[in-house]
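Following are the structures in question.
There are two complexes below, and they share chain A, which is joined by chain B in the first and by chain C in the second.
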Partner chain A sequence: MDPKSHGKKSAGWKQIYSSSTIFVLPAALLVLVIIAYPFITAIWIGLTNKTVAGPPPHFIGLQNYFTCIRRSDFWQTFFNTMIFASGTLLLSLVLGLVLGLALNRVKRMRDLVGATILLPWIVPTVISTLVWLWMYNPFAGVLNYIFTTLGLVDQPISWLGLPRLAMASVIIVSAWRNIPYFGVIILAGIKQIPHQLFEASQIDGANAFQAFVHVTLPALKGVLFVYSTLVFVQTAYDFALIYILTRGGPAGATEVLSVKSFMTAFETGQMGLGVAIPLFAFPLFAPWVMIVTRRMITQWAGGAIQ
Partner chain B sequence: MARFHPQFKKGGCKMKKVVILLAAIGIAAGLGSLSVSLAQQPRLGIEVYKDNPNQQIPTTELVNRWAKENNVQTDITMGGHANRLTIATTALEGGTGPDILMLADFEPNLFSKGLLDLSDLADKIGVQNGGWYPIAKEIGTAEGQWKALPIYIYMHEMIYRKDIVEAIHAKVPQTWDEFRAVLKKIKDAKLKIQPFGVAYARSFDGQQFLISVILSNGGEVLSADGKRVVFNSPETVKSLKYVIGLYRQGLVDPTVPGWDDSTNNQAMLSERIAFTFNSFSIKMASEKDFPKLDPKIGAAVYPGGPKGRFSFPFTLSYGIRKNSNQPELAKKLLAYLFEAKNYQYVLESTAGATGTSLKGFANLPFWAKKPDWKANLDAIPTARLFAPPSAATAEVNNSYVIVDMIGDVLVGGMTEEQAVEKAAKRMEEIYFGKK
Partner chain C sequence: MSQWRWKAGIGDGATLSIIALFSISALLPFYWMVVTSLKTANELFSLGFPLWVFHPTWGNYIGLFNLTPFGHWFLNSALVSTGATVIALGFGSLAAYGLSRMPSKLSIAIVQMTLLTYLIPRAVFVVPLYSLLHTLHLLDNLLGLTLAYLSFTLPFTIWLLISFFQTIPKELDEAALIDGCSRIGVLARVVLPLAAPGIVATGIYSFSTAWNEFMYPLALVQTQTRTVLTVGIASLRQADIFAWGQIMAAGTVGAIPVMIFYAFIYRRIVGGLVAGSVKG
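Moving on, here comes the complex of A and B:
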């Protein structure tokens, strides 16, 4: 190879590389300002004794985290968060799968049906949750009206007043919001499965259930993994839904990390401790999210997520 | 139609341009002078609280009048239950937003480091208006300084159906024993109404009710010197047993474990319950929207126990942030809002629903006009906090540590003793960081 031409080539690459850096730089700076700065600030605040309008904060290391662990109610809050997020995910996943498969069967006005089904996901959380709060109302709510009118129960059910029922009730509302999202994502995933695979399974004598188990599910594995992670993390940090429905009651049975964080940081002014509460779950979520992100980047680079 | 010579038309076009130019210069000059005059005007931000009694209407009017008289540009921020805390914390932390903030309950103490010392102003207002009620002083002061000026004291009261009490030939209960007896009579009369209902769940109404019972029985959160948690006492256990007993004896609506702060309002206005404990919002709603029901609804001071009658109120106070650019102007506006004629104007506009923090307003003639509304005034001397204001007290209150005891017993399967022990343990963690 002519050394001169090699030199030209590398100079060209250098030029392309430097110009691509320049093009990416504004976006990278924006990400730094919007995401990295608040996140790093939050981590820093969690390591200080900062209070609202208080004296200048001091670095106190991991003391806020130890305070969290020592408090008798913290672990209940932590497990509530995990139950809330897992319950939401499970229900959303199963019913979302059913919805996605059903949508796949719809032949007419699929776009209209799809858009209509997405409504729960589009409506602002505060509004839809307030409607659910009214539906769960012990004596004026529509659910108890139906149940008592049909003679299914003698006394109105206290949907948000009994610990397990309250947790189930908030999970139902949370899943209700996520099911359409899952349904549409799964529908998109199904559409990407080559129809030859279904034809081949039919030729091999597979029935509909076997085709679902051996063709559809494996093909959707990637999509389900990615979106399940996103929904789990998003639900674990959901604040408005539980704050509106139960404020974490009865007796802390539905109190999750985000609600506890808000109460501590804003209602009692202990900003450092309040920030530390949700960050406690961060080491658990971070590796999982990193795997998903890596998978998304590599697979998007190579085509659709499989 | 007049016809113009083309040359004139041409000249007219020029004229038109000149007129447009002059108009533009005029507008620019006008805007310039306006901006100069606005720039010369000092700017002051105030948060006005918007709530049921519509006190924001007379308050806004007063602020605007003061601004005009003093040539000040005021920025009014409407704060309510949902956004008040966000406005306060943002202003205190960021140094932006209203100079005068509306602070609730323990917040003057909680945010005291970021608030201006208003002691001189508070003393002056107190002297001019017959003195502050003790609850106002307790709420407004931190470390010996007035950090906020309490303006609205929303008392928590016993709201009841007069017609039901009459129907069972009973009197308005004055003690907790009488209260239980009246509820039992209502139940025994087999009227189509639940005797009593208030949230037996995470709510401020439920917590305020339970705290009142505990305080009237002699239960306390902290020792007199404030160095120990003394909540786990026979008096507290007795109080919790009383409240749970009402439920187990069928004197309370069976659905109360699922209620929130608004459910008892709905239950009272839909004629489902005969008694509840609430702020005055139920009476205001009945007067406005339920004219047939309104005369049947009465309001009275909480029943009492061996230690007296106590009610845990909701309070709102004006504070000035320390980082304000206009501290003196802000003080001047507060002094104006607390002038006797102006305070009286707000009180009368809300018919006394907001209550008062100054004793001098207790003798105004308007209190006599509506006997039921006078409960807002009569209840003020019974106002008491469950512990001295502090960040820890705020956490106990806002984390529902006290009302959670009901849930622990009713749906968590604990005994009353265990629930009190658990709450006391949490209080030790919150107050003293104990394990």
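Moving on, here comes the complex of A and C:
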């Protein structure tokens, strides 16, 4: 075919493709109504003293944000959120790595093993969290039964009743949910590493541990970074798990941003302040969010150009 | 089965014990859930061996359907999750088709925006959605809840579908257009059938995210019989401190739909996680 006519033709196709905008329109309108509009309203509500039921809201400027800065319980909440998210990330990353490496060595029944191990990630959070709440029950919970039977403790432990222990207990549940996710991602990442790299390291006389440090870990770096950030951000925003286990208690020891925001808005009825809390905290997470978004965008754009 | 055969089946000893440990900690809570769901209130708080049920009964399951609005909750969850998924797939596949066929700055900006919304805390949206639905008289209403769910199912549906559509060569579109097919015909007869597995996976993912949602229905629905499964089950706890048998029965039934769906796409999830992560 004559290359000139081919060029002309593809210009014609381009025109047709630009008409693709019409396909995007319905979704764009919906996004406008249920995402963009609420987001702008959220910023506005944050600047008012809106309540659930009551007089029409007034504009009060940045007062809600000043309230956040002034009140120590807000900073406590922010600190709790950081501890909760980093604790979850650290625990699930380390154990996920162990799990991923072990899964890679599983020779048969890999699907069955994988499906079993993924269960905590699949079952609805509300359901598995309620099961954990029942397991943590100080009187009839199975954890206290196991611990006292094995002679590890003398008397039942109040897992969610003591401030420090409560934070550890909620982190364990959250990590329990995320370990399989990391395990499977890490397994998938390992599978992508070219065999030659391992063979080369073997020839160079590296042992299994050295191969792990110098071949496996560097190869997984990118994957681990993206998913760690995702898990960190999602855990920091998590609501159901803590709301069900402790409702932020005891004495605010496990109160995280989403729970605080929700309870302020819907249980004490101060909607303005309730919205201001996560909006105030968002910039503190924004750098992480930006990094992940940019990485995913470059991936996506890369795919589109192919 | 003797130990060496297990070893030969799964892997070496160290691997076997690590996998066993992880499997037990993954399974124990669910085992405990099912065992508890079969116990009587007496047995729940008896001081015997808790990890087995000595007098199994279906009482909790029967009570669940007769004494609580569990049937309503289950049905409401099914309706809202299906609605939010089907609408997201409909609007989403149109948008994803358009976006995947015109990789421009605009489309990248649109995708970036939808992704950002995914990364803003939900707590920011729940109050304005409450006001929006209040204005529309859709509070305490399944349609309103479906609309609220779309705010999270739509962005990631578009996102996932774009990546599936991109794998379908444009040359196929062009060939069909030459044959006199309209653009919408190309989408319906060429792209959608080829992307079917991806669409099913996206739909299942969307459905289970909607099925698991807790915060929105907690805020946007007040009437007991109009709420969804997650909020309903959690509310059983406040009703009665001895309701654990019933709660665990509800959890067992409530987890089934999602687990069935996942059984179908297990391989794809694992594959999808890799495809998404390794490229960058």
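Simple rule for what comes next: the second predicted complex is superposed on the first by the 264 of 306 C-alpha atoms of A that agree within 3 Å, B and C clash if a C-alpha of one lies under 4 Å from a C-alpha of the other, contacts with A are read in each partner's own complex, and residues count from 1 in each chain.
One rule holds for everything that comes next: a contact is a pair of C-beta atoms (placed from the backbone, for glycine too) under 8 Å apart; a residue touches a chain by one contact, two chains touch by 3 or more.
Nothing here was measured: the structure is a model prediction, and the numbers come from that model.
Asks: Between chain C and chain B, which one touches more residues of chain A when both complexes sit on the common chain A?
Replies: Higher number of touched chain A residues: C.
Asks: After superposition on the shared chain, which partner residues are touched by A:Arg71: those of chain B (first), chain C (second), both, or neither?
Replies: first
Asks: Should A:Val223 be classified as contacting the first partner (chain B), the second (chain C), both, or neither?
Replies: second
Asks: For A:Leu118, using the defined touch cut-off, is the partner it touches chain B, chain C, both, or neither? Pick first, second, both or neither.
Replies: second
Asks: For A:Arg247 in the superposed arrangement: first (chain B), second (chain C), both or neither?
Replies: In the superposition, A:Arg247 touches chain B alone.
Asks: Looking at the overlay, does A:Gly161 come into contact with chain B only (first), chain C only (second), both, or neither?
Replies: Once the two structures are laid over each other on A, A:Gly161 reaches chain B alone.
Asks: Touch check for A:Lys191: first (chain B), second (chain C), both, or neither?
Replies: The answer is second: A:Lys191 touches chain C but not chain B.
Asks: Classify the contacts of A:Ala140 with the two partner chains as first (chain B alone), second (chain C alone), both, or neither.
Replies: In the superposition, A:Ala140 touches chain B and chain C alike.
Asks: Counting only touches as set out at the top, which of chain B and chain C does A:Met263 meet: first, second, both, neither?
Replies: After superposition on chain A, A:Met263 lies in contact with chain B alone.
Asks: Once the two structures are fitted together, what part of chain A is touched by chain B and by chain C alike?
Replies: Residues common to the chain A contacts of chain C and of chain B are 133, 137, 139-140, 266, listed in rising order.
Asks: Given the complex with chain B, which residues does chain A contribute to the contact?
Replies: Residues in contact with chain B: 51-55, 67, 70-73, 133, 136-140, 155-156, 158-163, 166, 246-253, 263-264, 266-270.
Asks: Residue numbers of chain C touching chain A in their complex, please.
Replies: 9-12, 14-15, 18-19, 22-23, 25-30, 32-33, 36, 44-45, 50-51, 91-92, 94-95, 97-103, 107-108, 110-117, 119-132, 147-148, 150-151, 154-155, 158, 162-163, 166, 174, 177, 183, 187, 208, 211-212, 214-215, 218-219, 230, 233-234, 237, 244, 247-248, 251, 254-255, 258-259, 262-263, 266-267, 269-271, 273-274, 276-280
Asks: Once bound in the complex, which stretches of chain B touch chain A?
Replies: Contacts found on chain B: 85-86, 89, 92-93, 110-115, 200-203, 253-260, 263, 266-267, 270, 272, 321-322, 391-392, 394-395, 398-400, 404-408, 410-412, 422, 425-426, 429, 433, 435.
Asks: Spell out the residues on chain A that touch chain C in their complex, using ranges where they run on.
Replies: Residue positions touching the partner: 13, 16-24, 26-28, 30-31, 34-35, 37-39, 41-42, 45, 50, 95, 98-99, 102-103, 105-109, 111, 113-120, 122-128, 130-135, 137, 139-140, 142, 145, 176, 179-180, 183-185, 187-189, 191-192, 222-223, 226-227, 233, 236-237, 239-240, 243-244, 257-258, 261-262, 265-266, 271, 274-275, 277-279, 281-282, 289, 292-293, 295-306.
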